[in-house]
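Paired with subunit B in one complex and with subunit C in the other, subunit A is shared by the two complexes that follow.
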Partner chain A sequence: MQEELILQLESHVATRILKQPGRRIAADEPIISSGLIDSFNLVDVALYVEDTFGVRITDTELNSGTFDTLGQLAALIEQRRGRA
Partner chain B sequence: MTLDERLRQQAERSPNKTAIHVQHAGRPDLAISYDELWYRAARYAQAYQREGVRPGEVIVLILQHGEDLLYAFWGAIACGVIPSIMPFLTEKLSPEQYRSDLRALISVTQPAAVVTYPEFEDQVREALANDRIVRAVISTRGINEASGSTFAVDNYAPRSADDIVLLQHSSGTTGLQKGVALSHRAVLNQLDAYGRAIDLRAGDVIVSWLPLYHDMGLIAGFLLPILEGIPLVLSSPFDWVRAPWRLLQAVSQYRGTHSWLPNFAYNFMAQKVRDRYLEGVNLESWRTVINCSEPVRWESHRAFFQRFEKFGLRRGSLQTCYAMAENVFGVTQSDLRSEPAVEDLDRAAFMEAHSARPAVMSGPSMRVMSSGKPLSNTRVQILDAHGTPVPDATVGEIAIQSDCMLTGYYNRPDADKKAFHDGWFLTGDYGYLSQGELYVAGRKKDLIIVGGKNIYPQDLEALSYEVPGIHPGRSVAFGVFNEELGTEDVCMVAEADSEDAVQQQRLADLIRQHVTKSSAIALRHVRVVGPKWILKTSSGKTARVANRDKFLRESSDSGTQ
Partner chain C sequence: MTLAQIAALVVLAAAIGQLKRGRQLALLAVSTGVLFWLQPPEPIPSLGFWLPFGILGLTIVSWILTSASDERGWRRTWPAVAVIAAVVILMEINGFAGPSINAAVVVPVPSKVLLGVVALAGLVGILWRWQAGRPILLVVLSGLIVLVFVMIKTPGLAQSSASWLQHLPGAWEGIAADVPFSWLGFSYVAFRLLHTVRDRQAGRLPEVSLSEYVTYVIFFPAFTAGPIDRVERFVQDLRSPHELRNDDWLDAGTRLIVGLFKKFVVADLLAVISFSDLLVEHVKTPGWMWLFVYAYAFRIYFDFSGYTDVAIGMGRLLGVRLPENFNAPYLKQNIALFWNSWHMSLTQWFRSYIFNPLTRQMRSGRAMVPTWYAILITQLVTMVLIGLWHGITWGFALWGLWHGIGLFVHNRWVEFARGRWPAATQSPSARRAAAILGVFITFNFVAVGWLFFGLSTPALTWKALRMLFGAA
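Up next is the complex of A and B:
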């Protein structure tokens, strides 16, 4: 289940944010602290997660302390979906 | 008159009036009165004096956007010490690089002291190492906990209007080595002329999220309101980029009248702000929203207006300005009584002949937007390559003269000499005049401007050479304008010995990571190619424009970037 989620996130980040369709991003690869996505894209990530999975990530959570990898983001989504 | 006298006047005249509403995501707003601002600043001033920092010496402030920075800054001014704000470490930037940037700043500005948080002191001390220039690292903790009750600044040495009041550093690694030194007189002359150009009056409210280490944030979004007695609603770039709708909520809540934004912010907000964040938001009070600090785009204004019209934004509110730290801030300002002028130009004549001719029906055209007319205290002329003024509608280098010019680049007489020609300051920007209006057309140097931040491509290229497998001279960085974002994308092409695609992708990732860690600049596109891709000039220099064109050609051929 989480693998599928990660694939979906990976595809979105590669295609929509990095504009490099087909670009692979490992589940444990840092994406924020590494500068792969910059701060201007954080809102995009939050909006995508909200629209697609119905999970809210507030602006004060948009930093590498909350999630820095797709794996961590997927876990966060699952955890919040489970709670809902 | 000096800045400290002006602040003290405000504090004496209306002590209880709110000077600043500080906004922090996740916390209630904090209102700071003039009295409080002066009192807290005085505590910093006393701490500086205790540490032996003397009037006329520089103090570097390494603090995040927030209360401490405000007090530390005004504290310096209150006792005649020259503040210089250093951008705070971001999570993207490596601490090693940050320390080396700090050393670069210190070696030129020779500060007597550094102010920072207790938890950051070690970082700073490590950067200073054996250096004997900085005599004190001052922690905010001691100051905030001090129980000092005295209002006055002891041993206060009156400053004269021609003394340097502050240093502004342009952003970017190279920028830190060139501090723009401004006098009290220059700053006050600018505030006076600029305040009139934007029709600032009692009852106005300025709303800003701009960084204070940049002229637009420091002058328009900080000194102007505080010294003119106009309430300021201040948030941070860190919060804004994560929740751009907060700016609109703040305008609505505080009945904001003026804001300044870099061009990309118009696109960013038009695209990222959802209606659900704007329930009850009313932007009718927002009289003047000024586009400044990167090339101004008519398309960005249109997108912004279309998006927020239904929340009460008026088209006539969207204005433009051309500014630079060397003139304190504003050089030109559009006339608030109408929308900024636009011209449709013949693209070919503009590109090839540097001539701003009206577009012809059949040919390709480009729409340019005016940055307005010179402020009442500033003169603008356009010079050709020999320094001779050119007629209207001819593109050349923008040169300025005013009563608010910099005193000089701090400790850099070499840079002063290069910056002036016959008493005119050479801006390094290209533009043309038409009916008294200035149209800015681009940069003389290969500077990349992203979100108002100036980036020197050679700095990024030098960083890429530190990646194993990339040889010196074998990478090129350039900016490509992104219509959707309203600003430039930073792109890099680097040559590798290997033609293997997997290897190249791996190198591209390494470059991206290393450049980001070392400069806090995110590369939008990194392409690693085989040997002999990069075009060189006959003298062996990298031809950035030619390489950019080649990159764009190949990207459009393959349908991706």
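Up next is the complex of A and C:
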């Protein structure tokens, strides 16, 4: 279940944000602290997560302290989806 | 802070850190006292009393407005009130009897202080009861904080207010001194208060007692120059039982020694060859100008990061893990990564309350603006505001603009380069070369940018820039 989620996130980030459709991003690869996606892209990611999964990540949470890898993001989504 | 003041505060921090019970109240008492103790001379001497008093009053009012009514039991709150009142009274008595702990603080006559206290108590009493008006009051409070911020950070306005105040007949004690008007710590206090107000408005603020709230806002290690912590995190540390163990002493001690060395040895030595108004007026060759620029770049880093190390070390002794402010900023390959590693607690604040909300609006509004436009606007607005936070002058605004444009150009370059040279096809040596080039370019960009930040007028900056690139 989470693996599908991670793949979905990876596909979105690679295609829509990095504009490199074939690009692989490992589930444990730091994407924020490494600068791979910048703060502007991060807001887009949050909007995508909200639109697609109905999970809200607030403005004060959009940083590497909350999640830094796709795996962590997926876990966060599952956790918040489970509550709803 | 001077070395002597830091030493005294370290001793205090170590002492409080040993307390098994009463740590919170002791911390509150000491932080309140330090507020008065660190106060520098003001053009109107008794402002040395009223400004710290003002910070306390503003903080108490903010707590009332940001806490839910059922959280504020008088039984829980009165010890904090008693402690704060006791310290204020102590400062008042100290000002009259014997040598003052701070010669810059000329205390007003007791009747005036009593008047101030009664007025504050009255305001607090009204707000404590009046729940219905809260949402609008939060907006008013934010507006007031920003207004005061603008007034004291705009040099012209600050001076006019000070002169105007001086001429109020019979209003002030002490003979007017010829010193600039400044409100120590207000930039940081304002941002901590605004963070709690915004979080309350968004429904995210946890329950916090008066003692915890005031301690968070005026926490003495971080009072003069940050870091800007978040109240949820801070309060968690305060509430956990704290025992000073060997590794705490070791980590705190190391941090303190490193910080003191960076600030009082390295930074102070570099200060001699860093650019200043005077040096820029007299510099003759580009070589010297570049030396001054690089020296300033390192000086400001060692000064500020050294200070942050000291703050974090003191915090560690007290059982509070303050957030980091620096992460090898000059070793970063691009300007975006630089801004992820310079004055991190401030940039986090701006991301949370300015950049992210603004970007969200621009990305999900009905009128979808082109991406490049959204990036340009959000970067420029955020960076110029970060500049103006340091002081409302053209120099700081231009510094913000410099970095905003730099970030925008970097962003566009990355978009372009990603299409042209996907990372996977680059050889390791090509990537290494790009990294080194990136560090070099980024460092120079930032170093030259400091010319807007560190000189008092744009005209001097222009002169310095021309000197750097060979034109006399």
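We adopt the following convention: the second predicted complex is superposed on the first by the 84 of 84 C-alpha atoms of A that agree within 3 Å, B and C clash if a C-alpha of one lies under 4 Å from a C-alpha of the other, contacts with A are read in each partner's own complex, and residues count from 1 in each chain.
Keep in mind that, in the parts below, contacts are C-beta pairs under 8 Å (C-beta built on N, C-alpha and C of every residue); 3 or more make two chains touch, one makes a residue touch a chain.
Quick caveat, the model's predicted, so the values are computed rather than measured.
In the superposition on chain A, A:A14 contacts neither subunit B nor subunit C. Applying the stated contact rule after C-alpha superposition, one finds that A:S33 touches each of subunit B and subunit C. Touch criterion not met for A:L76: it reaches neither subunit B nor subunit C. Looking at the shared chain after the overlay, A:L47 reaches both subunit B and subunit C.
According to the touch criterion, the shared surface of subunit A, contacted by subunit B in one complex and subunit C in the other, consists of residues 19-20, 23, 33, 35, 38-40, 43-44, 46-47, 59-60, 62-63. Chain contact summary for the complex, subunit A toward subunit B: residues 19-21, 23, 32-40, 42-44, 46-47, 59-60, 62-64.
Of all residues in subunit A, only 18-20, 23, 33, 35, 38-40, 43-44, 46-47, 58-60, 62-63 touch subunit C in the complex they form. Residues 199, 202, 204, 230, 333-334, 336-337, 340, 348, 351-353, 355-357, 359-360, 363-364, 374-375, 378-379, 411, 414-415, 418-419, 422, 424 of subunit C are the ones touching subunit A in the complex.
Of all the residues in subunit B, the ones that touch subunit A in their complex are 25-26, 91-92, 238-239, 241-244, 246, 268, 272, 274, 451, 485, 505, 512-513, 515-517, 520, 522-525, 560-561.
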